[in-house]
Each structure stands twice: as C-alpha cells, then as structure tokens.
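Reading through the structure tokens given below for one structure.
So that you can tell them apart, the chains are marked A, B, C, D and E in the order they are listed, and the count of residues begins at 1 in each.
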Amino acid sequence: MSSALFYAWVGVVLCGLGLFGFILHRHLMRRLLAFNIMGSGSFMILVGLAQDGRGADPVPQALVLTGIVVAVASTALALVILRRWYRVSGESRLPEDV
Amino acid sequence: MALNTWLPLIVVATSLFAALGIFLLREERHTLRSAFNLSAAAIKLGLVIWMAIGVLDQVRYETRYTLIDGVSFILRADPLGIMFAGLSSVLWLFTTIYAIGYLENAPNRSRFFGFFSLCVASTVGIALAGNLFTFFLFYELLTLSTYPLVVHRGTAKSLRAGKIYLAYTLGGGAVLLLGVAALHTLVGDVEFSAGAGLRVLDPALHPMLVVIFVMLIMGLGVKAALLPLHGWLPTAMVAPAPVSALLHAVAVVKAGAFGIVRVVYDVFGIEFAWQLGLLAPLAVLASATILYGSLRALAQTDLKRRLAYSTVSQVSYIVLGTALFGPVGTVGGLVHLLHQGLMKITLFFCAGNYAETLGVHRIDELDGAGRRMPATSVAFTLGAFGMIGVPPLAGFVTKWYLGIGALQAGMEWVVAVLVLSSVLNAAYFLPVLHRIWFRPQRAPWPDEHFHAHRDTHPWLLLPTLATAAMSLAAGVLAGMPFSPLYWAEVVVHQSYLP
Amino acid sequence: MSTMIAAFGLILAPALPLLMALLWCVPGLRARVAGWTPWAALPALLLALGGQSGASVQLDWIMFGTVLGLNELNRVFLTVTATLWLGAGVYARGYLAGDARVEQFCLLWLATMAGNIGLILAQDVASFYASFALMTFAAYGLVIHARSAQALRAGRVYLAMAVVGEALILTGLMLAASGLDVPLLPMLAALPEAIAESAHRDLIITCLFFGFGIKAGLPLLHMWLPLAHPVAPIPASAVLSGAMIKAGLLGWISTLPFGLISLPHWSLFMMGTGLLAAFGAAFIGVHQQTPKTVLAYSSISQMGLITVGVGAGLHDPKVWPVLGPAIALYALHHGLAKGALFLGVGIVGHRGGRLISPLLWLALALPGLSLAGPMFSGMAAKLSLKAALAAGSSIPAWWQHLPLLLGLAAIGTTSLIARYLWLLLEVKPGHPATRSVWLGWGMVLGASTFGLVALPWLPVAAGWPPDLDYLPDLAWPVLVGVILALLAVRHLRAWPIPAGDGVVALEWVFAALVRGWRGFRVVMRRHTRKWRWSKPGAKATPSIMSLYGNRLEQTWRRDAGLIFAALLVVMLLATVLG
Amino acid sequence: MSVALPLPWLIVVPLGGAMASFLVPERWRVRLGLAVLPVMWLVTLAVLGDLAAHGVQVHALGGWSAPLGITLLADGLALGMVALTTLVFSLCAVHAASHAAEKGHNGEIGFLWPLLWFLVAALNSIWLSADIFNLYVGLELLGLTAVGLVALTGSAEALAAAMRYLLAALLGSLCYLLGVALLYAAGGSLALGDLGTIAGSGATARVALALMTLGLILKTALFPLHAWLPPAHGGALAPVSALLSALVVKASLYILIRLWLALDPDVATAAAANLLGALGAGAVLWGGWMAWRQTKLKYLVAYSTVAQIGYLFLFFPLVTGTSTIAGGLAWDGTLLMLISHALAKAGMFLAAGNLVLAMGSPLIADLSGISRFRPLSLFSFGLAGVSLMGLPPSGGFTAKWLLLQSALHSGQWWWVVVLIVGGLLSAAYVFKVLRHSFVEGPKRDHFNSPPMAMELAALALAAAGMGVGLAAQSPLTWMRIGSPFGVGG
Amino acid sequence: MSRKLLAALLSLTVTLALSLALIDRPLPTEDLPARVGQAMQSSGVAHPVTAVLLNFRSYDTLLEVGVLLIAVVVALALREAQPDGPDRMGLDNPLLRAITAWLMPLMLMVSGYLLWAGSTRPGGAFQAGAVLAACGVLLRLCGTGLSWLEQPWRLRAGLALGPLVFLAAGTATMLAGASFLAYPEPLAGSLILFIELNLMVSIALALISLFRLAPPQSDSPHFADRRRSRRE
C-alpha cells in the first residue's frame, strides 16, 4: 500500500466521520465543522487516489487548492449567516430542530 | 386560393380576438363592449355561412400547421364541422344579445363576456378540428373558458358547483388525453377521414382498440353527460341564465356529443366500430341515460334543474343516433344535434326570463305566468312540445328518424326507449305547461321587474322568440333546403356513404 | 283549373282555423276572431259537400312532405266533423256568451278544429300524427275549461291516457313505416300492406288497435270519456264525442290491413271487445246520475258496435268493400246524433226539465231513437251493417247470432236514451238559450235526422228507400227497451257506480306508487348524506391529511440528513449491484 | 460575422456586469443592471446564430485543449438553456427594476443587482462547461449566490431558509466533489466528453455516479430531499424566487443529465434510473398534494415547483434501456417541460408577487374580489397555471404529450398514470387560487397597485410559456443538435 | 438513541462503498502529469501547480475568486439589511499591541516572499493573501481599526481589483483573437505574477471583511432577555 493510498484511506475515514457528524448534530456550528472535516477528507482522497501508483500529479493539487478556497468562502458565508440568524432569533439551531 | 387555407383559422380567431379585446376593456365601457361582442358574433356568422355555401360545392377549406413532427394542428371545414359551427355561431349571436340584456347592471361583465367569447371560440374550434389532437386541444380549452362562467356569481353555491364541474371535466379530459395519446402511439396523427387509418391495423391490436374506444367515450361522455358522468350538469345550473343556456344546452354538452360522433364516424369508422361490436353497448348506455335523465327530471322542483336533467337525456339521443348502424339513424342523431340546441336554448332563455322578470325559480311558483308573460310562455310551450316530440315540431323529426334507423339496424328495443322517453318528457313538461297556462296566479311574484315592458326586457324577449321561431321552422319546414334535416342528410351522404 | 280550386280548398280547410288561431294571438284582433270562430269550419264543410274525391295536394317543404287529399272514406268523416264543428261552434257562441274565459276557449276551439280536420285530410303519416297530436293536446284545454276540481281531475286522466295513446300510435306507425321501401316519406295508404307483410305484424296491430282504441273508448281504455264529457262545456263535449272519437276509428280504418289478409283471432278479439263495450257501457250508463255521463257511456257502447264491424272486416277480406262504407255511414250517423243529444242538454237547461213543451221533447228524443234503430239515418246505418255481415262468404258459425246481438245492443241503447230523457227532467233552468244556441242545435238535429238522405254520394249499401220487411226486426228492440224503461222508473234504484269506474282504482294505485317512491327517496338521501361531495353547509374542517401532511413535512425537514444518507445508500446499491 | 463569436463572452459579460454594478454607487445600480441586458441579448443571439450556421461550438479555455485545459461546449441543449436564462432573467430584471423604482432606494435592493448578475454568470458557466471539476466550481458559485439572494431580505425566516439551503447546497456539492475525485482517479481526466470511454464501468465509476447523483438531486430538491426549497423559494422576493424556481434548481438537473448521458451506458443502471423515476413520481404526487393544502400563495407556488421537478426526473427511466424513438421523445419532452416550466413558473411567481403586493397579505383567502382590481396579474397567474396543468395549447401540454408518447412507446405505462394524476393535482391547486379570486367577498375597494411594468413582465413570461407550446417545433429541433438522440426522430 | 445508531450505520455503509471504490480501481488510461510536463515550458512559470492553477485551468481560478467575492457581497448585503451597532471590536490590551507591532513587518515580508516564490516553488496568490488576511485579523483583534477600510467604495474597489484584473487579462487575450485566458507565450510569466499580485490584495481584503462583517457579539437585541430565559 503506497503512501498516497494511505492518505486516500484516511480521507475516506474522514469523509465517513464528517458525514456522520453532519447528519447527527443539530447545532449549526458542529454541522459546519463536520462539513469541513468531510471537505478535507474529500481533498485527501482527491490527491491521494490520483497519485497512488504514479508520481506527483500537479492537477489534483491545483484542484485541491481551488477546493480549499471555495470551502473557505462557503464556511465564511455560513458563519456570517449563522451569526445573523443567531442575532435575530437567539437560536443556534435551525427552527425545526429547536 | 390562399383565403381557403386561412378561413377556418379566421373564424376561430374572430372570437379569440373579441375575447382579448373585451378583457382589455375597462369595466365601465359597456356600449363599446356590446358593440365589440355583437360585431364579432355577426362576422363569425357571416364567415361560417360563407364557408357553408363553399362546402356545399366541395370547396376545400383547411388550415394545417405542424406543432411537433408527427402532430399537426388542423382546422378543416367539412359538412359535419360546419353544421356544429353554424349552430354555435347562430346561437352565440342570440345569446350575446340575451346576455347583454340579462346582465344589465351586474358586476364583472368584462370578465364574463371575455370568457364567453373564448368559450365560443373553443366550441367553433371543436367543430372545425381536423384531427383528434386539435379536437382535444379545443376540448380542454372549452373546460378552461367555461369554469369562470359557471362560478361567475361568486356565491358559495356557484363555487361548489364550479368545483364539481371541474372535477368531472378535468377528470374526463385526463382520460381522453390518455385515449388520444394511446391511439397516437398506435396509428400516428389521427386525421378525421372516415376511419381509414384504423381498419388496416392487424387484428392483434383489436382488444387494445376497444380499450382506447372506451377511454375516448368516457372522456367525451363527461361533457356529453352520459349516465354515470352526468353529475356536474344539474349542479352547474347555478350559473346565470345565458351561461346555462349557451353552455349547458349547446356548447359544452354538444361538444361531448359531437366528439362521440367524430370518434365513431371519423376515427373508428362506422363499419369498423360495428365489426368491433362497440355500437350495441353504446346504444344501451345512451338509452339508459335517456331514461335516467327523464326520470330524474320528473322529480325536480327547480325549473332549471329539470331542464338540466332533460338536457342529460336529450343529448343521449345524439349518442343513440351515432350508435345506430345505418344512414337513417345517423341522420337522426346529427339532426338532433341542431334541433336539441335550438329547442333547449329556447327553454333556458324562457327559464331565464321567468327568473329575471318574475324572480321565479321553482316550478310551483309558475302559476299564471302565461297571463303575465304570454310571449315567453308561448316560446316555452313550443320548446316543451318540441322536446316531447309532438309532430309538427323538430323533436318528432329526430324521433322518427331514430326510430326508423333503429329498426333498420335491427335494434327494435330502441323504438320502445324512444316512445317511453317521449311519455316521460310529456310527464315532466305538461304539468309545467298546465301551471303556466291553466292555473290562476296564486301569490304576488317574488321579485318582479320590467313592469313597463309588456312581457319582459326586449333584449331578453327578442332572442327567445327568435330561437323559438327557428326551432318551429326546423320542425315544420324540415323538408326545405338549408334546414337542419337537409344539412344532416348532406353530411351523411357526402362524407360517410360514398 | 278545378284541381287548383280543389288544392286550395284542401289546404284552406285545416289552414283557416290555424290562421285564425295565430290571428287570435294579436290582442287587438282577439275579439273579432272570437266572433268569427264558428265559421272557421265552413270551408271544410263546403269541401266535404262540394269537392270531388280523389283530389290531393303535395307540400314537400312542410315536415317530410305533407300530402292532403280527399277520398270516399275520409269524405264521410269530413262531413260529420265539419257539420258538428259548425253547429257546435254556433251553439258555443251563444252558450258561452257570458263566460269569462271565452277568448281562451275560442283559441283552443280553433286549434282542436284545425287538428281534427287536418287529421282527416292528411295522406302522409307525419301530418296525420301531427294533427292527431294537435287535436289531442288542444282538446285538453276544452276539457278543463270550467277549471273546477273534477274538470282538472278529468283533464289529468284525459291527458295521461292521451299521451299513452300517442306513444302507442307512434310506435305502431314507426314499426309499420320501417317496412316501407321509402320509410322517410311514409304514405298512409301504403301502411296496410306494409303491416300485412311486416315481421312484427301482431305487435303493430296491437299498438295501433290500442293506441287508437284509447281515443275510440275501448273497454278498460275508456275511463277518460265519462269523466271528460260531463265537465267539458256542452259544445265541447258534443264535438268531443261526436267528431273526435271518430278520429280513433279513422285511424283504424286507414292503417289496419283490411281487405288484404284475414286475421281470424284478431277479428274474434275485436268483436269480443266491441260487444263487451256495447253491453258493459250500456249497463254502467244506466246507473249514472248526470245526462252527459249517460250520453258518454252511450257513445262508448255505440263505438263498441263499430268495433264489432271493424273486427268483422278483419276476418274476411272480401267483406270489407261492403263493410267499410257501412261503418263510415254508421259513424257519420252516430256522430251527428250524439252531437244533437249533447246540444239538447243545453236547450233543456233553457227553461228547466219540467216546463219544456211536448214538441220539444219529441225533437230531443228523435236523434236518440234514430240511434236505437228505426229512424232514418239510424235505420240506413243498421241495415247496411246487417247486410254487410250477411254478405261475408267464409264466415264463422256464430256470426248467425250477430243480428240478435245487435238487437240486444239496440235495447241497451234505448234504455240509455230513456235514462237520458228521464235525467233531463231534473235539469234546473239555468242558461237562457239565445238565438244562436237554437240555431246551432237545429242545424245538428236537422243534419242528424235528414242529412243522410240529402247526400247523394253516401255509400248506402242496402239501397234506398229501404224496403219495409227489415222494419219489424228493427222495431222490436226499441219497443222492448221502452217497456223496460217504464218498469225501471217505478221501482229500480240506480247503483252508485262512480263515473269513469276503473279510473278510481287506477288513481289509487298510482298515488300509492308515488308515495312509495317518495319514501324510498328520503331513505336514500339520508343514507347517501355521508359520502356526498363536500356538504354545502360543512365548515372546512382541516382534514387529517393536511395535519398529517404538515407533520410529515416537518420530519422531511428535520431528518434531511438521515434521509439523504439513506437515499445515498440505496442509490449505491442500485448502481453497484444494479 | 464569418468567424463565430467566442463562447466565453456569455460568461464575461455577466461577470463584468456583476463587478460593475458591485463597484458603482447604489443610485446607478438599477440603471447599469438594465443597461447590460441588451448586451447580454446581443451575445446570446450571436452565439445562437453561430450554432445555426456552424453547428456545435467548442472553445478551449486558455488555449489548452480537452484533457489538460477546460473546454466550453455549446451544443443545442446548452445554448437552449442559455437563451432560456437570458429570456427569464431579462423579464425578472425588468420586474425587479420597476419594483425598486416604485419603492425608492431602500437598502436591501442595493446588492440585489450584483448577485443577480453573478447568478447569470454562474448559470452560463454551468450550461457551457464540459469539465466536471469546473461544473463543481460553477455549482458552488451558483449555490452561494442563490443563498445570498434568499437571505437578502434579512428577516428571521429568510435567514433560516438561507441557512438550511446553504447546508443542503454544501453537502450536495461536497458529494459531487467526491464523485469527481473518484472519476479522476478512475479515468485520469476531468473532461466530460471522453468520460464514458476512460472511466470504465467498474465499482469506482458506479460509486462516483451514485455520489454525484445524490449530490445533484439534493441541490435539485427532488422529493424526499425537497424540504429546504419551499421556505427558500416561498420567502424570497418575487423576481428572486422566480429565478430560483425557474433556473437555479434546473442547473443541477442539467449537470445530472449531462453526466448520465456521458458515462458508460452500463454504469447508469436501469435500477438507478427507475429509482430516480420513482422519486420523481413521489415528487409529483407529494408536491401536488402539499401545494393543494397550502394557505400562503407563494408557498403554494413553491410546492408546485417541487411537484413539477418530479416530471423532469421521468426522463431517466424513459431513456435508460429503451428504444431510440422512446428516448428521443423523452429527450424532447423533458427539455420542453424544462423550458415551459421555467417560463410558466417564473411568470407565476412574478404574478403571485404582484398579487401579494396588491393584497398586502400573503394568504390565498384574501384574494377575493381581486379580479376587479388586478385582472392582468390574475390572468397571467391563470395562464401560467394552464401551462403547469398541462392543458392545451400550453407548452406544458405539448411536453406532457411527448412524455406520454415516450412512456407508451417504451411500454412503461405506469409513468402515464403519474403524468395524468399530476396534471389533475396541479389543476386542483391552480383552481384553488382562481376559485378564491372569484369569491365576491366583503367589499374591499382598497388594493395598492404595483406599476404596470411588473404586471406586463409576468404576463410576458406566462404568454411565452403558452407560446412555446404552440411553436414547440423550433426549440426542439435546436435542442437536438449535438444531442445523443441526434437530429429528427 | 436510534437516530445516532441509524446515522452511524448509514455513514459506515457510505464509507464501505467509498473503500470499495478505492480497492476495485482500474489504472487510469489518461496521464495528465505527463501532459503538464510537456506543456510546462510554455506556461511561463516553473512550478507545475501554479502553472495548472493560473494557466492551464485559470478559468477555475477565476470562478473560484468569484465565489470568494460573492461571499463578501452577501455579507455586505446582510449588513445593509440588518444594520449593526457601532463596531467595538478588539481588546485594548497593550501587550498584544506591542507583539503585533513586532510581528507585523515579518508577516508582510513572508507574504511577499510567498507571492514571489509561487512561480518556482509551492506558493502563490492564495497563500500570500491568507497571510496578509492574518495580519488584518490580528490588527482588528488588537483594536486598531483600519480607517481607510471604512470607506465603502474603497473597500469595494479593493475587493473587486483581483477578479477585475483577471477578467480584463482574459478578455484582452480573447479580443486579441486567441481563446479566453490564453496568455501570449513571452508575457505569460510576468502576466501571471501581475494577476497574482492583485489577487493577493483582493483575497486578503475579502477574508478580512468576511471576518469584520459578522455582527459583533454583544449587540444582538435579544442577547439580554435570551440570557434570562436560559437561566429560568
């Protein structure tokens, strides 16, 4: 099992955990964190899997870079909306989960 | 000549533009709206007559436009189509005059007249449809344009009636769509050409064709108020009089019957339908409706509901006519298409006059109406006797042809049905006539108007008398050229029997 | 040129009353039209007397092509009808002078007259049936003219039975016409042989026999007659029983296949009903309370006799050429006589039963006696009937007794007439008889007694003047009848049989039926209350579905994640294992 | 113009418009927004012209061809969607502009225009892109813009809806990204064109397809995963919810169709296709039922979107494993349904917005007597309703007709039942609204009247919905250029 | 409890499926790294990742920067919709301010280096932007307001600078006849650097304003009563 594949396996595990956290938790912050874990997991799969059995492949790394920026942007926006929602309703969960 | 290809479209378009024009008019522009209405009706009538003459000497009017490949929008003026188009345009002219008089100071008139002309546009569209797809297109348009008329008054009762009306007609429309689509997959674009397409199909598909026929008849049966599917007609009587006159006596109900005529003759072809054994059950269903409608009419106390149930039974004459294998039965069915329209619209006009002038809705309030409103009562009597099938009037012509046609088709029991239904008709019309003519007025009229006028408002009286005269002429002068009977024979001999 | 006049005459006869009826609708002209009403029958009378038979006119625009024509047969009927309408019309003008609804009466009078005349002249089925219907429905107005309770009841019964009759006639005509080669332009004359050969011959004959029978008053179908005649104003009942009953007979004669095939069992059945009607009606009639009801029953019994003749005609084709004219003659005679008797009731009412002069009594009794047999037209009719019956070649054995039976029927008639005269005595003075009343009565009386002789072309079978050896067997029934009547006056009390006998039972059955149906409907409505469309009154309760719907929607929202994962697993299974 | 207009203009113009309206001070944003519209129209028409002249256009971005660089593919389907976007967007923009002009420049409208133009840019980038990772970025761009538009009003419901929408969108695009990772690992290339050949039909490709399908149907709000759509579309501004329902929701479906047709035929198994069809049927029935039960007008229209999306998913069972005729009919039917739904739903949302504005209350029950005061909006609502019900002569009907034909041809008669019952259900909720407008309720003479332009925009969209039905032939032939079902058929 | 178990079970199945995809994997036929290698010399940069990022797949980067910009636009819109109280962010803590003063020049230098190294080694606009954003956040935390950021139009100009330059470069190449974002061979290197510079500025500003535009902790209207309701 080459080292790249190892990263891919870790990524898979992270994805599983992230999905589990996303489904289970009701608190918005926890769900956001679970989303980020899942995101990192998928990035690791993307790079690890592509480089398994072949040398360093710049394309997935570039993709991951773009992915990271997108993840940052969406998490930041989620935080802004979360804070606005918290400021208006005083709740840190979605109305149906209260 | 280019005009021949555009004429059918122009005929349908006249009332479409009238509808749009009226919708855009503001509510208080009454005179302009009436002018708009009447001119559109007149133009349409003129064009239909012109086409009728053209059709007589084999001129071919056809508008063809491919919607998507394999499906085209065809408007064609064949004798049968012209007959129905002629009927609806003539009666639309009278009903518009009547409606203008009837809705003197009612609210929402722009909306009313807009949908009114839209409804007639779809009726004429149904008449001139060249293939099953176009027919279905206008058939559904008819449902849409009639709903606002049924619920025009906006009361809880009319809205409930509207809901029931919609449930029936949209359900029927859905089943019809299924039938049309299934037929389309088998045969491709089904043009109305005396059922040429279906005969060539291999016999393995026959059970499928029977299923499709049942679906088509069920879809059309809703509007033709065949037995199990007639529930909406009596409840839709809450609509104002011109609506119940034109729509439920002429446009909507006739569209269903006309559809069945098209399906039996032009889609399946009478021989093929006979070969599949479809005609006998259809005749049984029509006869059951005839008797059921008359029986229910017997028990009604409200005048318009009694007329509604009588419509249910009368329309099935047309269906019965189509179900009789042979030219005479067909002529009987087709000629009743016109006769019933004329007679029933007269009756509804009279009912409307009674309601509007005297505020009378129930039959037992009608005592002595003959003295107060002689002209309307004469028209009502003519219509009633026509319905019973008393000879000089139009009803007898139909019953005679249907009887002879049934005997030639070897269905003797149909004669019994016809005669029994005449007795039942007499049973529910004669007491009304008795009350109108021979009973003194017991109580003051519930809500009397138009004291000034001798009988009722001229705008209400004129159309009533005109349609009554036409129904009388259709009966008495049946032998004349251009009479309904003549035209029915032209239809049968020109298109169905080479 | 003469055909032009004949055609014009043929059209004018039915058209004039119709035209006057239309003019009646114009309020201005109404009074003048009411005045002229009696003379509307004049062209028909002139046509009957003056016109030559065999003329016909074709109007192919009207209905399926109307054909009006005059032949020997319907000429006789036209004569009796026209005379009666004329006489009764003149009589009515005087009799109804003071009546409030005289104008409405005139309109209905004109309409019924047009129907009656049209029906006689019509050669094609459509216009025959059209005039028949017009006559029937317009006569309803005449029957209920008085608007009293019995009048309305009589009207209801009349209308019900008339409608059933019309339905049966329509079926018969339709079945017969379908046999024709051109069924859409059916000629009346062509019907008999069509019926003869048609597959449903017996069904057609049943329909036509009973359809026209209702109008002609066959037993069990006669109930409307004794109810309608007494309530109708006198001229109307005169016309009703005189002219309109004959319409039923004309229907039989012009449609049933006489002289073509022999139908032994049909003829037996008809002759049986005829005799039953003759004797039954006589028996019930004697027990009635009012003169007009008695006369009604006497019409039924006379029609019974005619039915016997019709039945005989069906038995042996060769008999018909002789029998047909005889029946027509008898019908003519009966119509005029019955009209005179009815109008007589009005005359008596002039000064009351007790005070009228003996001469007047004789005049009143004259038509009755002619009916019974010995007097002029009655004698001629009876003789020709007897001669025709004798002339038949292969007649069944029991026909020998027919003359005896006819004699007994004559006794019945005489007793009825006696009962009628007896009841006339009690009539209280009421209507002052004006000049036109006398004129009308006189006209009809004259026609009924002397008319027969004056008309040269009348088909008198037994030749004229009747030789005297027939006189004795005509006279004895009358004598016996008179003796019986005298005895009855002393100690026989009339049984309380209600007028219209069978109808009472019928009405009771019908009422029970209606009550049962209403009860059933109430039960049905209560049962279907539950699953009707949304009941109009029901408040829009939030249905469980909407509550359930919203709760389910909440779960979608809360467990979106779980559902997503579940669906992901399912999709993975579908694609990987798929 | 002999040489074809480069495709990226379709993306550059909206991006430029977005940035410009972002930079320009508030007062100018509406005018600038409207100014960019004609340019957008010019570019769209030019590209459509090129499609007609030269057929399918391919544009290698940055000069690098397929496997290495990203290529833009402009076949019939893509440009059909671009044209649709331009049409719907311009009318919604007119509606928003006249709304803003009428209400005066209050705050929240300020940043509406940059977001709107970003939305167009995102949509065009998705329609045109032929690279699966680029589609991911386009999806994200679209998702965030849509969330921003939903949250624009700043109220509690809007923020909750936006949050729920954002979480759903993020989870969806993350699954999509996982799928991209697997496909890249299996096939080695990100280009959509040659995905079918190189990705093979092993477990990797199948798992990738499953993940991507789930991600996309979550973003398309297919039946069990639809819960985020109604609050988001029901609560937003009228033009925003019109755009969301008409176009945004369709973008992820578009990507799914592209994927489904690009991948190896036996990766897209019949079981998966039928599962999608079943979910679609569920959507039609559940969406219709819930729409019928709604009491608020805009929520009714939102649930109607959930229902109508169900129809579009009937495409998958009708395409996998059926004859080419049935497939061709399904392709035409689905695309026509997509177009006519987009037009009709946008028209209905705008009309609903006008009615709510005129009534001052979101409830359907308060609609009584509206027909006397706002007949035009009610008429356009009815017209759009006709198209949603699939009654002739509307586009909805022709689409339903084609789907019916395809279902009957392919022998899968059960979809026919879904189509018919769906039509009846939609009739139920459309007529529920019309019924309330017919009630002659208490004399309510005071209705505030939105400017004419807003009503005309709604009418234009609804009429276009009907027009597409009548003139269905031309859009269909256009959309078949370059489609797997070829021309004609 | 059952929800947790169900969630666990479902996630486990998904993980299994993913691992199945990992195991049973065909060897990819397409070999992108080789293509990148061949095309490197015309990409204008030495480092393959930057080449892919800013040349071969520069369109992705453009959209990605658009995503970031949108996030900020939405944040700005929400602030307009829900106006916040006066901005009292930051702790007036002298020690923090002293350390910041020491660290600030170092961080600026590191971001500059990262930007420059991007063309030959891992680095580039995003990493440099992130470090710069860290400086901004640090400054904000220690209470020194960035006054020139208060000007709305200036903020917006800064934010839009990067994407605009990128877009302008792409459009220029398209107008010149080549395809979109196809940098001319000789100029590629310097053009990329110029674009990266502007991107860095925009990314930094975007991340700082995303941090700043979130509503301050204390001034949420329900803060007070929510606290009380929690306590009862």
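To be clear about the criterion, contacts are C-beta pairs under 8 Å (C-beta built on N, C-alpha and C of every residue); 3 or more make two chains touch, one makes a residue touch a chain.
Everything quoted here is computed from the prediction, not taken from an experiment.
> Could you tell me which chains make contact with chain A and chain C both?
D, E
> Hey, how far apart are chain B and chain C in touch steps, shortest way?
1
> Taking mean CA positions as centres, which chain lies farthest from chain C?
Chain centre farthest from chain C's centre: E.
> By count of C-beta pairs in contact, what is the leading chain pair?
D-E
> Which chain has its Cα centroid closest to the overall Cα centroid?
B
> Once you find the CA centre of chain B and the CA centre of chain D, what distance in Å lies between them?
The separation of the two C-alpha centroids amounts to 43 Å.
> For chain A and chain D, let me know how many angstrom lie between their CA-based centres, rounded off.
That gives a centre separation of 28 Å.
> Between chain A and chain E, what is the gap in Å from one C-alpha centre to the other?
16
> Hunt down the residues of chain E that sit against at least two other chains at once, touch-wise.
Touching at least two other chains: 3, 7, 10-11, 14, 17-18, 20, 22, 25, 31-32, 36, 57, 60, 64, 67, 70-71, 74, 78, 82.
> Scan chain A for residues touching two or more other chains and write them down.
Only 15, 19, 22-24, 45, 49, 59, 63, 66, 70, 73-74, 77, 81, 84, 88-89, 94 qualify.
> At least two other chains touched by the same residue of chain C: list those residues.
Residues 557, 561-562, 564-565, 568, 572, 576.
> Give every touching pair of chains, nothing left out.
Every pair of chains meeting the touch criterion: A-C, A-D, A-E, B-C, B-D, C-D, C-E, D-E.
> Name, in rising order, each residue of chain C that touches chain E in their complex.
Residues 559, 561-562, 565-566, 568-569, 572, 576 of chain C touch chain E in their complex.
> Which bits of chain D are touching chain B when the two form their complex?
332, 371-372, 375, 379, 386, 391-393, 397-398, 400-402, 404-405, 408-409, 416, 420, 423-424, 427, 431, 434-435, 438-440, 470, 472-473, 476, 488
> In the complex, go through chain B and note every residue touching chain C.
156-157, 160, 163-164, 299, 328, 374, 378, 385, 389-392, 396-397, 399-401, 403-404, 407-408, 412, 415-416, 418-420, 422-423, 426-427, 430, 434, 437-438, 440, 475-480
> Within their complex, state which residues of chain D touch chain C.
164, 168, 171, 175, 203, 206-207, 209-211, 213-214, 217-218, 224-228, 267-272, 275, 279, 289-290, 293
> Spell out the part of chain E that touches chain D in their complex, as residue ranges.
So the residues of chain E in touch with chain D come to 17-18, 20-26, 28-32, 35-36, 39, 55-60, 63-64, 66-67, 69-71, 73-74, 76-78, 80-83, 153, 156-157, 159-160, 163-164, 167, 170-171, 174, 178-183.
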